[in-house]
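First subunit A sits with subunit B, and in the next complex the same chain sits with subunit C.
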Partner chain A sequence: METKRNEISYGEPVGVVTAQSIGERSTQMVLRTFHSAGIVSQVVTAGLPRLIEILDARKKPKHPTMTITFDKKIASNYEDVKEMKKRIEEVRVSSLLESFEENLKAGTMVLNLDKEALALRSITVRRVMDMISQRFPDVELSNEGNSVSVRSKKKKEIRAVRTAFVNIRAEMISGVEGIEKVVVNSEGGLFYISTNGSNLKGVLEVNEINPENVYTNDMFEILNVFGVEAARAAIVNEMMQVFAIEDTKINVKHAMLIADAMTQKGVIKSIGRHGLAGDKESVFARAAYEETIKHFVNAAFFSETDRLKGVAENIIIGRQITVGTGRVKLMIKNADLEKVKPED
Partner chain B sequence: MYAESIDSIRFSVVSPEMIKKVSVAKLAIPDTYNEDGYPIDGGLIDQRLGVIDPGLRCKTCGGRAKSCMGHFGHLELIRPVIHPEFARLVFMIMQSTCDNCYRVLVSEKNIDILRSAEDEQIASMAKLKSIKKCPHCGAKQKKLKFERPTFFYMDGERLKSDSIKDWMSKISDNDLAVIGVDGNTVRPEWAILSVLIVPPVNVRPSITLENGDRSEDDLTHKLVEVMRINQRLEQDIDAGAPQIIIDDLWELLQYHVTTYFNNETPGVPVARHRSTRPLKTLSHRLKGKEGRLRYNLSGKRVNFTARTVICGDPNLSINEVGVAQTIAERLTTPMHVTHWNIEKAKELIDRREYPMATNVINSEGVRKRVTESNRIELVSSIAPGWIVERQLVDNDVALFNRQPTLHKMSIMAHRIRVLPGKTMRISVNATTPYNADFDGDEMNLHIPQSIEAIAEARYMMRPTDVILTPRDGSPVMYIDEEGIVGAYFLTSSNTYFDKDEVCSMLAYAGISELPEQDRDGRYSGKSIFSVLLPKGLNYEESGGAVVIKDGKLVEGFIRKQTIGGGKGLLLKKIYIDYGGEAVADFIYKLTRVTYMVVYARGFTIGIKDYLTNQNIQRESKKIVEETREQAHKILESYKDRSMEILPGYSNRETYEMLVHAATGNARGMGVKYIEKTFSTDNMAFLIPTLGARGGIQNFVQMLMFIGQQSVRGNRITRGYSGRVIPYFKKNDKSPEAKGFIASSFMDGLEPKEFYLHAMGARDSTMGKALVTAVSGYLMRRLIHALQDIYVESDLSVRNAAGDIIQPIYGSDGIDTIYETL
Partner chain C sequence: MAKENNLCTVFFDGKHIADVKDGKAFAEEIRKSRRKGLISGEVNVAYIKRLNEVHVNADKGRVRKPYIIVEGGKSKFDAELREKLKKKEIDFNYLVRRGIIEYLDVEEEENILAAMKEEEITGQSTHLEVHPAIMFGLTANSSIFPEFNSVGKHPLAWQLMKQAQGLPAMNFQSRFNARSYLLHYPQRPLIDSATYRAANLAMHANGQNFIVAVSTYLGYNMSDAVVINKAAVDRGLGRSTFFKTYSDEERRYPGGQQDKFVIPNPSVDGYEGEQAYSKLGEDGIVEEEMEVNDGDIIIGKASPPRFLEEQTAFGAGIDRSRDNSTKLKSGESGTVDNVMITETSGATKIVKVVIRSNMIPELGDKVGSRHAQKGVIGAVIPQEDMPFTKDGIVPDLLLSPMGLPNRMTFGHILEMLGAKASVVKGVIQDGTPFSKRGTELINYYGDVLEAAGFDRNGNDVLYDGKTGKRFAASVFMGPVYYYRLYQMTKLKLQVRSRGPVQILTRQPTEGKPRSGGIRLEEMARDALVGHGASLVLKDRMLEQSDKDTVWICRICGDMGYFDHIKNMPICPTCGPGSKLESVEISYAFKVLLDELKSMHMLARIKLKND
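Right after this comes the complex of A and B.
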């Protein structure tokens, strides 16, 4: 009885209700990416820009970030988690350099490694050299203290030498690619790490992490690694997060509806011109939205038919819309009609 | 009434034959009027195309300016010209077909595969363009190039429109089907124009200026030019002019046709009017916000509306709207005449003053104005089935709207109350959903004109029907500000009122029963409050802080959480248990009682409530000093590089953020101090404490310090020579030099502070203007993407195509208004 009354009504234009709920709230949001007040641990796009980023289904978020947790054994020990930080954080040769000198003509380069930087990440000079010689068989390496001399074995064009040297400096020594910065945080006595940069696949390959509790704000990574259902959940999550940071509430069902609409075809489609609004079946609906001429011209050339099922088309032709009470028709049986007498 | 008979609309390209068929006149003279100001036959204002001057008759249909909608004409282009909008598609067809045998570049075998697929597959044109050899005749494909807007090259040689047209016409219908073009309705050669359709004059009316000069529509101007070049081209060809001259003219013709369709075609110079104003051609008429689609087709204008300034009226229920007499006299509502109301209808027609009938519509649907002369006749001829349009009276329904219409509560159905004055009035409690105030806001009133519309308005759109927002399930109409204060006074413990006071309070709320006496002949506030509640209500809030048992408030005092915005828990409970009408009733009564409580008790604040004292001064100084020290410490750590850099930021950014956090925190410390030292005996402090209005920060800013000003989310840093304003020393790193204001509003601001404050204020004003634009567009996109999504009768969520978006709405099918967050 109770549930029946609380049921959503037939024909309810829930899409519009959702759009209004979110749109009306977005009017009150700030336009800048602000950082959660107080102590800042990582960069996050928040507010309206982030909301737009999600709805536009941008391929890469402006500030990709991950939260990685560990089993209790590791998570309860700060040192262990710090060790993990070293494992996960992307380290490139350039980030270990104090300075470098290169002589492109002679094909030589001297890399002066920063002692502190090495120690901080527990990387030895040996390891750096091994790494370089493994990936760049064309160069000869020798070291002296903290500096490594690189010499091109073959005589090559200056341009080729330069590219090689640049590549050497950009070479990754350890960590997971794309994880630029890592910070250790704690919650309830357990330590976990937050990152700048995201690489879900790469992080999942690290054995020690807790694969059941890894999070990234990049929904396309989630889509590629875990599939649409997970991506849908990610969209819901991220949207709710935006509103939570703004300190405004919104019913999850609205976020769910948008996420379901966006992922309905098995991929993430954006709201707007190149997504949901632009892919509609109806020519009129598309023309009334954006790029009017383009839609009419294509429709004409490929003999498209507008079946006039949606809302926008029916407004254009001046008919009752196809949602809400516009879906309902009243009928009376002829037999009943006869019973009604005007004198009654 | 409705376009019910339209099943679908198919788009296609008009063929030259079709153009000639619909055309009533072949136009040949590139001019409009002759010297006598009379339309030239065969000119662009040919009277066979329809007439716009009153008095003239259309030569095709004989209709007058009002009755003739106009007729199409045509002009024959002497050399074919490419339709600029189709150029890209024509090029794609060229790429997909053989330049030798004109067959589609798909082998016979593959065509069969495509055709035999269940719903005929289409070969991707994007893939066909890379095919080098024709699978049919084996010819090597030449290199094709397309240059915006209408230039085609084959192996570097220019292809002219006539050869392209030739090419297109040689492709068979079957081959076209392979690439998705339906040859029966659209032939690609039609995209190369040899006949140009000329719209009727009604589409491009000329206007007569005050001095009698005629001014032609931009389209006419453009067509004149097309015709002029066309004529010259014809003469030159006939005269056997050299090929270069002909080609030049041909290209010029192409230019004019291109700009006739779209004067914003990329790569084409804009065609201009004599006054150098760019011409508005066909595409402009359709495109954008002021274009045909968005302005005229998606946006409908309606009659039976009114708009004026609004003001508040505490005596109205949220379901009512006060309407001025003048408006009520001009707007009408239809009254369907039946056996039961025919006497009333006759009486209305017979009346000569205010509540009277203004029009009648007979059973044939002919509308007649009720005048002095036909009044008696109408009274006698009226019969069931007629409709009488009568002036508005109390209790008619009207839709009330305020822009921007951001959500469904921006249009609600109110009961009309005809009241004196010239404004429209609403209950102050009904302003929140409209986001209205009375500083000059105007609102629109619409009178529904069909029984269905009236019924829908009356039973689904009243404020009481939409008290709970589907956004988060909270009420959008509630008790606010002095109401919260009043409710606090009324229901906090040990509040007792005399019989006189109680009587006046309850009488003002329209209640004539007294509650039970409590103590020595006095009445407790709680029992007065209980009178306002629906009978038998049971309610409990946050673990027993507020308890209502069987319609009696037994524990706690009423706070913002209970009856105010955001949560409004009690209001929601009443809505769910007793319905919207009960909430409206409760809000109405409680508002009035609380006003009377505040009135009886007295409630006032003054400067003395905000007076500072030595303790506050000392604490302010302390906080400012601490902030300064902290900022200094951070600066030191920044300088000696001992500061821990935040991930993702540079050194400088980290420093800025830390200092901003520190200076921003000062206000928070002030808030804590104020909360600690002030008591709710101070009425000024009581207001923010109850959540009735404002926050404690306002207090801090008034009597402690104003705090950090920010621009673009950061401290104010921009300026010349390392300082924000010349008052400061160069490279001053102190918080004050970067927008921290240590004075309070009570102290007054120093000039430097005043400037910093103005900078912050300016930034926030501009920020607001920007957000409205950005979020407005976001909303438009959301609406367009989601507007077709609705709930099917099996509770599944579907879109216009019938695809399932959700198998059950929100995974449980429960309406969001019934959920509490």
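Right after this comes the complex of A and C.
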């Protein structure tokens, strides 16, 4: 019964219903960025801006975030999760610095490392020096307490020295690239990690992280790592999330329809001029939307055929539209019926 | 910028004229002289400590406000003067002349410490406000009890005041405004403010005191609608006149030709028959006090032909002037009020005709109170069916209670109570902003009402007009000063079944002056698509709009035409022998195809076999 009731009638214009359902909800949404409460705050785009971000298929979300949960053994232990945090969080030389002095003419730089920052991330001065000397063979290093002196071995022009020093300061010591900030949260006694910045591939390569427990809001990363089916699921998930934050909801079927439409070409296509609307089959439907002249000229140039299957083009020429009551056609004409003699 | 010499700079009307050692004392000196009358009272001086500058201003265009001077912690406007003023022995100007009250501009206001009330004067006070309400201008001050209304409602209330019909000008009978509105029986409000009285605004009042009951009536006053009493309307409640001026001029054209105001003779182009010009006088202009309806010709005019006549075989072309008369616009009717014939500076004749029409409050007309409580008339109910009190008082207007709580216009409720007290006592009550406390007012009004045998809360026991049964709850009732706003059904009503179409697309015209239809917009269209109502959509988009039949060639797919001489369709491309089919399309689509064709793009239409 339930299945029967949920069945959609033949010819039902589901796309329009989806558009109206989402459109009605979005008028209620406020144009704002949502800040979750807490001492270590995490910025998440929410509401209408996020919805637009998803539907426009932006290559990078404004605030990429990952959520990583762990198996119970690790998750119940705060120290273990903190250890995972250390593995993931991107640490660069610059984030360990208390101050630095550079003398470009002499080709020297003194890095004063912050003791507390080092301790917090369990990084030793030795390790920093090792990393630098490994990547930059043409500098000489010496240390004195928490200070590391860098000296360029060769005499270079100032510009080159400067570039080298900037690169040294930007050198990554540990963690996964792109994971800017990691926060440990807890829910129901289990600890998990949320991040600012997303790097799905990088995080999956970290030991003891189960791919099933990693989530990112960047659907293009999901597309590249897990494929298009996962990306579709991610779009559905993210859209439902937008409405959930606003304390409202839409039927998941609407989100699924949009996700299907966006991913049907095997990649994520945006809704709009450069995506779905621009890929419509009908010349008239495309011309009615945006860039009218371009579409007509191209259609004439390549001798396109409009098969008049859609809604917009049929409204334009004044035919009955092909959805709803206009979807059904008689297979046998009345005139033909008369030719057939009924069997006695 | 640090000053080198540590002197205070003195500016007079913005010009640097001097430097003084002690700016503050200097400013004080000027102030003293002004109060003594040694220099003009229009001079204002301000010492600006931050810049160490003295600004002396005596130029025009400064907004200034009167203050009572306070000296030594005591107001100079003492009991003796107050008494004299009450007896009208002295006036306001006397106080200004005697240095009791002075006018300050915005710059000098920065130097003072003004007490709002006499009790609030401290040792540091230099001035006393004349009255708190003086901070408002004329418009804001003519509203009553603003301190009891939500702040955001005030601008909306003033907006309503602007839209109210009243007495537009004392000489309205000899004016020729494009549109003007005249309220027939304006009344002065039962509660007004000191400014309202001072400016004598009651002389051109723009509203009437409606007896309002806060009650529902079968849903006819839900969502800000109001129900009004038909008998009250018949007695003249809210009745007004709408004046509209039509004008035309005798134009001159190059070549010495010119328009002429006449009753066009039957030979002119576009002559509409004798009947059509029957309301015009001998001069071709409609007679005064003539009843006119839409489409009636009110100014007869013959214009020279639009294009120069070709020379015919008979020599110069005969006079083919055309009818260019002014008609009353669609949906309008009334009586000719006034006709004026005059001429411009260029000596061309101008005619102005004022049409007057009676605007009786009807369904859809807009009314509003002084507290941004506006609504449209949802029903005009016969007096017999309206609720009534035991004394036989029938309200003029029923206001839904749902419009009051969330809008927080308590002033409206207070006005009902106060105006009721006005009626009972026979004295117009005062609603000047910031003059009394709410509890004080409510108690006072309550006492007045109680003394007259009314409920002190303003509630009345009402009986249902239809059944005669007593309402279970008593109803809050009282007079409210209502405006009749100029948005009226009669001027806006618009319907169309058939009518003119646009030339280019052959779609129905848009807008009331072109007797157009109401557009089925994009979102309404989407709703029809969403319902799958394909035939309704086709009806709106094609049948009732720009349906057209074209002939499509089966061979080339281009449009042909029907040759009525040969009585067969022809394809100009494929010539005889081609097979054409008649196809129904939207004319706008045909235009699209034509325009594409004009840009060397041919859209061929392939027809299916059926």
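For this structure, a couple of remarks:
Criterion: the second predicted complex is superposed on the first by the 317 of 344 C-alpha atoms of A that agree within 3 Å, B and C clash if a C-alpha of one lies under 4 Å from a C-alpha of the other, contacts with A are read in each partner's own complex, and residues count from 1 in each chain.
Please note the rule applied: contacts are C-beta pairs under 8 Å (C-beta built on N, C-alpha and C of every residue); 3 or more make two chains touch, one makes a residue touch a chain.
Quick caveat, the model's predicted, so the values are computed rather than measured.
Once the two structures are superposed, subunit B and subunit C can be ranked by residues of subunit A touched, with B on top.
In the superposition on chain A, contact is made by A:Q20 with both subunit B and subunit C. When both complexes are overlaid on chain A, the residue A:K309 reaches subunit B alone and has no touch with subunit C. When the two complexes are overlaid on their common chain A, residue A:A300 makes contact with subunit B and with subunit C alike. Of the two partner chains placed by the overlay, only subunit B lies in contact with A:G272; subunit C stays clear of it. In the superposed model, A:Y215 makes contact with neither subunit B nor subunit C.
In the superposition on chain A, A:F226 contacts neither subunit B nor subunit C.
When the shared chain is aligned, subunit B and subunit C each come close enough to touch A:G324. Across the superposed pair, subunit B and subunit C both touch subunit A at residues 11-13, 16-17, 19-20, 296-297, 299-300, 311, 315-320, 322-325, 327. Interface residues of subunit A facing subunit C in the complex, by the touch rule stated above, are 11-13, 16-17, 19-20, 296-297, 299-300, 311, 315-327.
Touching subunit B in their complex are the following residues of subunit A: 3, 6-27, 29-35, 37-43, 48, 51-52, 55, 63, 180-183, 194-196, 249-254, 256-258, 260-261, 264, 271-273, 275-277, 280-285, 287-289, 292-293, 296-312, 315-320, 322-325, 327, 342-343.
Residues 525-527, 529-535, 537-538, 541-542, 546-547, 584-586, 588-589, 592, 596, 600-602 of subunit C touch subunit A in their complex. Taken in their complex, subunit B has these residues touching subunit A: 2-4, 6-13, 85-86, 89, 180-182, 185-186, 191, 262, 283, 286-288, 291, 293-294, 297-298, 300, 338-339, 384, 406-408, 452, 456, 460, 469-474, 646-649, 657, 661, 664-665, 712-713, 767, 770-772, 774-776, 778-779, 781-793, 795, 797, 799-803, 805-806, 809-811, 813-816, 818-819, 821.
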